[in-house]
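The data blocks that follow each hold one structure.
Both complexes shown next keep chain A, but they swap its partner, so chain B is in the first and chain C is in the second.
Showing the complex of A and B:
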């Protein structure tokens, strides 16, 4: 729409706006619609550094490339290899296991802490502030910290482990190492999911609880009949983020276990890193990366489909 | 898009009716206390070890209070090139925030203020972008950055970090920009304001909360990012904090107190922000329901 340029036109359009109050959008069309070109720099930038690389990853998955010479197309070689590769199968299995363990570990605790923290008592606010601290540390800092805490000779695990019947050399045992990686991830991201649940709980209409108490429902009954069903969408949001987070888990594994002992914590992203940047088999690494994106996206779309994206957004309200 | 905003509206009306929760049960309080211990023990050990002399750290009980606290570990770290790491990380963070804001604000403004197919298509592309994990693109990014002649420079870290912060930035900004009522734009339009002036004098000041969330979110992405620096830089001069910590692990070897002192030093800047701007930091950390 053109700007009103002469005083007369300005007057006319303001009169028009005044009479068309009811049809606001129709009148409002004339005012200050920015040009679409304003969005171009952002779109181009994002395209260059995110969309193009994503497309390039798919292309490279059909190539052989050592990082020095230029990539040469090899057709489906990487993909047929991927489906037969026992290492990839193991990595996929470990990633799945890590995802399930992380979910089962984090969800009940985050749900409990979130519902608890939704209360507005003063001590809860103080405790919540402390709960939040792990989220301030980078993944790297946390992995370095736990690596030294879990040192079997000098770490705190040598004192505390025996109290709970834990072998101090937990990072040296195959199941122990995977469980540790899941625990460290939980330690870091618990506050994040707690906040999501806290936000969700605070949105539950108070009326429901009042009605339930009139009907004589106790706190436990209220939790299972009101809080939990009302948090359905929040649970989906948190679960999607957990699943995608666990599938793309990398820093902690590189720093704490280097995929070991043996290959017992070599989850898919770490296998990709090792294949690409240690064996310089970058074509095959791209196939692994592409497979990872497909699985992660499919899983989250599947979960979102059950709840709808709109509800995913609405859970953020109130945080 | 309309579905999303309808959802937002219902969420808003629901929010108006919320009040205090009923009292929790003691078992849950006990669980919360247990988690508090799990959170605090590593943090306590982190601090106390970083204050212990190296020779005592190897023999003593890591849970005991340091009998003879010392700052020498901090000296060791500060004299091992820590300031280079700090400055590099600060440069990366500031540049990332600048790029993200400069590109996302106009983009979100267009997405909210125009009804064209192109802008809604762009918006949907960004929604999808939330789902692309950084791991998936490191190989092609390595190729791209090398081709651009940027390998082993801070720009190599800044550019992809900024790009990967943009989807969340655009989502946060569009949802704040939508809250500005049409009447305000109309009023400015009647005064003859150009779209640019509306952006600068109305949209930007009124979405300050969203902008600060985005700034903190992308600063944190830059501050804590590990994968991009790991793959796209190499030399000591271009090293950022996270990579520096990883390197200290090898460099300090058995000098665990010094390593942990480095961890503490790397957290101090963010912790300071947390103390003074808790609300903004929490929002920034959460992004859109996270990411």
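Showing the complex of A and C:
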């Protein structure tokens, strides 16, 4: 998640910084935009730690490599294997399922919570701060914690599960394990998306609400006719982050289920890890990684295109 | 400073020069550490798996360095990262001269790449090495009849642990045969006690069952063939029988209903056993110290241990043992101080080193360790364990260590699927035969 979100965040914050600088220089010193050297550290960093490894992974995906001897080129072997591998197909399906479940679980709750938290009341500020806590914990710590809570003999699930008709053998069942992974991820990242929605909602001009009140719209009508349409770009941002995050989700699976029972929570990133760092089949693992990058990028681009986010169409047309 | 400075031509040039200098420095630094294998003042680097036992190896290194011209530098790599770090280092110029390993498949890629010193000639000509260690232990760490490792830590055979109090309450004896085992299962089930604790999210704990079942049913030869690279040997009828026996145990409720959610790593399975909610636990010998740490009352009073029972109709010797015979030092073929490295390895056979291991609670694999065991913190357990290994006709290395990673990893997945009911014993066998 963090990995996926940084480039985007970086882009946004640097864009914001650029405008600020632009304004200052225009007003004061009479300089134009800063030269390309300003971007050099960022480009170097990104090139060295993102582009180069990615290019290497693409190269390795056409090789057989055990990490010890030199990689031997094998042409398309890894790729033909990828398309025939039932394990990869299952992993792809599971990743897709996890993504859909995560999105459907997190978005409505984060949206409502974010809109609520956008209010300036003091109690809302305090509660928002509390909601934010899970995001400050490490993913690993959270997974370890939930793993213990879900121990069928000693965890709270043993006491609480039966109240809701849940069999405590939750990590041992295919559906239960996948839902748990989605839930734990949602629990951790919902505050982050809440924050995005809170910020987005606060950007909406008050006049819109004032006008709507005069026209006699109640809070529900206002939410659907003003807040939601105004948040369109925020929803896209949050969704792209969520989807890319879910596609690259890994830590929780490693700690809580190890891809099991059987292979029923072996999502693509975990399959990649297992192939690369447990089987040391680094060529095939690179093919999986490359496929993952391509799919995640394609999905983000598609979403940006079809939501109108890319053309930066103003949500304040007519104002 | 500001944009102006950077945009001036000289500024950019200076900046580029600085960058180039930094890059050069980095490259040089890389070269410097790269030649650490030899050039730097006659030291040899030894990688060791970082856990509580490192202090024993450190003491041995300090002792060795007092008299040797070539000094040993011990690098303790945290356990979870050990395998990956070693793998990366061995593929680079920064490889260690001597390194800790599990023998078998854990060193096979290095042997195949010609990176290890064949120690067989040294074992042949040198009395200290040849007579120093239990033969089954040296054998278990060998590949294709060649010795690549010198035993350097305690033995870790897998055995059946049981709760003495529960067995006494139910008038049961620790199981010696499969009938005994089944009687125990039905008795405990009737009492709502899980017969066997099992941490089903950790496939290696499930692996132990198949290792022993296959050994008891078909003898150690079946796996020996597989280990030597013959994947079709998974098709041996004994493998299917072992898988079916496993399935039967699961269906009989020998592991309880929710073992697939139980973890060994977070203490779930050992706690079930210590609290008397499970009657038995098939586990490596470290279970004793685990319980001593977590449930000392139970470990001192009620914890019993015995060998894995026989299986009706099986051809394997009931004395056979599976598990981790010990850990080994292997020598990198690229080392510049081979003789010094081997001299250091010889100290592993010394009585002083064995004594240090015993004091740490380990059972050394040296041939004459038995007289030391009285001073062990748990003499009864130590002597049982040492005898079990000493008398074992065969000691099969844990399959996940014996096979190389590219086969061991999918094998563990298949075992987990078998236990989770995601594949039948027949599908299990087919999947293993297909491993390449």
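To be clear about the criterion, the second predicted complex is superposed on the first by the 259 of 319 C-alpha atoms of A that agree within 3 Å, B and C clash if a C-alpha of one lies under 4 Å from a C-alpha of the other, contacts with A are read in each partner's own complex, and residues count from 1 in each chain.
Here, a contact is a pair of C-beta atoms (placed from the backbone, for glycine too) under 8 Å apart; a residue touches a chain by one contact, two chains touch by 3 or more.
Source: prediction; values computed, not measured.
Enquirer: Examine A:149 and indicate which partner it touches, taking first as chain B and second as chain C; both and neither are also allowed.
Expert: first
Enquirer: Touch test for A:277: chain B only (first), chain C only (second), both, or neither?
Expert: Both: A:277 reaches chain B and chain C.
Enquirer: With both complexes superposed on chain A, which partner does A:78 reach: first (chain B), second (chain C), both or neither?
Expert: In the superposition, A:78 contacts neither chain B nor chain C.
Enquirer: Considering only touches as defined above, state whether A:132 meets chain B (first), chain C (second), both or neither.
Expert: first
Enquirer: Mind working out whether A:290 is in touch with chain B, chain C, both or neither, as first, second, both or neither?
Expert: first
Enquirer: Looking at the overlay, does A:38 come into contact with chain B only (first), chain C only (second), both, or neither?
Expert: In the superposition, A:38 touches chain B and chain C alike.
Enquirer: Between chain B (first) and chain C (second), which, if any, makes contact with A:60: first, second, both or neither?
Expert: After superposition on chain A, A:60 lies in contact with chain B alone.
Enquirer: Taking the superposition on A as described, I'd like to know which of chain B and chain C A:203 touches: first, second, both or neither.
Expert: Once the two structures are laid over each other on A, A:203 reaches chain B alone.
Enquirer: Is A:244 touching anything from chain B or chain C once the two structures are fitted on A? First, second, both or neither.
Expert: The first partner, chain B, only.
Enquirer: Any idea whether chain B or chain C touches more of chain A?
Expert: Chain A has more residues touched by B than by the other partner.
Enquirer: Using the superposition described at the top, list the residues of chain A that contact chain B and also contact chain C.
Expert: Shared contact residues on chain A: 31, 34-35, 38, 67, 144, 147-148, 151, 154, 277.
Enquirer: Over in the complex, which chain A residues touch chain C? Could you list them?
Expert: 31, 34-35, 37-38, 66-69, 144, 147-148, 150-154, 167-173, 256-264, 266, 274, 277-281
Enquirer: Using the touch definition from the top, list the residues of chain C that touch chain A in their complex.
Expert: 3-4, 6-7, 12, 15, 84, 87-88, 90-91, 109-110, 113, 115, 200-203, 257-263, 266, 268, 271-272, 277, 405-406, 409-410, 413, 416-417, 420, 422-423
Enquirer: Hey, which residues of chain A end up touching chain B in the complex?
Expert: So the residues of chain A in touch with chain B come to 3-4, 10, 13-14, 17, 24-25, 27-28, 30-36, 38-39, 41-43, 45-46, 48-54, 56-57, 60, 67, 109, 112-113, 115-120, 127, 129-141, 144-149, 151, 154-156, 158-160, 187, 190, 192, 195-196, 201-207, 209, 213, 219-220, 222, 237, 241, 244, 247-248, 250-251, 254-255, 269, 272-273, 276-277, 282, 285-286, 289-290, 292-293, 296-297, 300, 308-319.
Enquirer: In their complex, what parts of chain B are in touch with chain A?
Expert: Spelled out, the residues of chain B in touch with chain A are 3-4, 6-8, 10-12, 14-15, 17-25, 28-29, 31-32, 35-36, 38-43, 45-46, 49, 57-58, 61-63, 99, 102-104, 106-107, 109-111, 113-114, 116, 118-119, 122, 125-127, 129, 131-144, 159-160, 162-164, 166-167, 170, 175, 182-183, 185-186, 188-190, 192-196, 198-199, 223-224, 226-227, 230-231, 241-243, 245-246, 248-249, 254, 256, 259-260, 263, 266-267, 270-271, 274, 278, 282-283, 285-286, 288-291.
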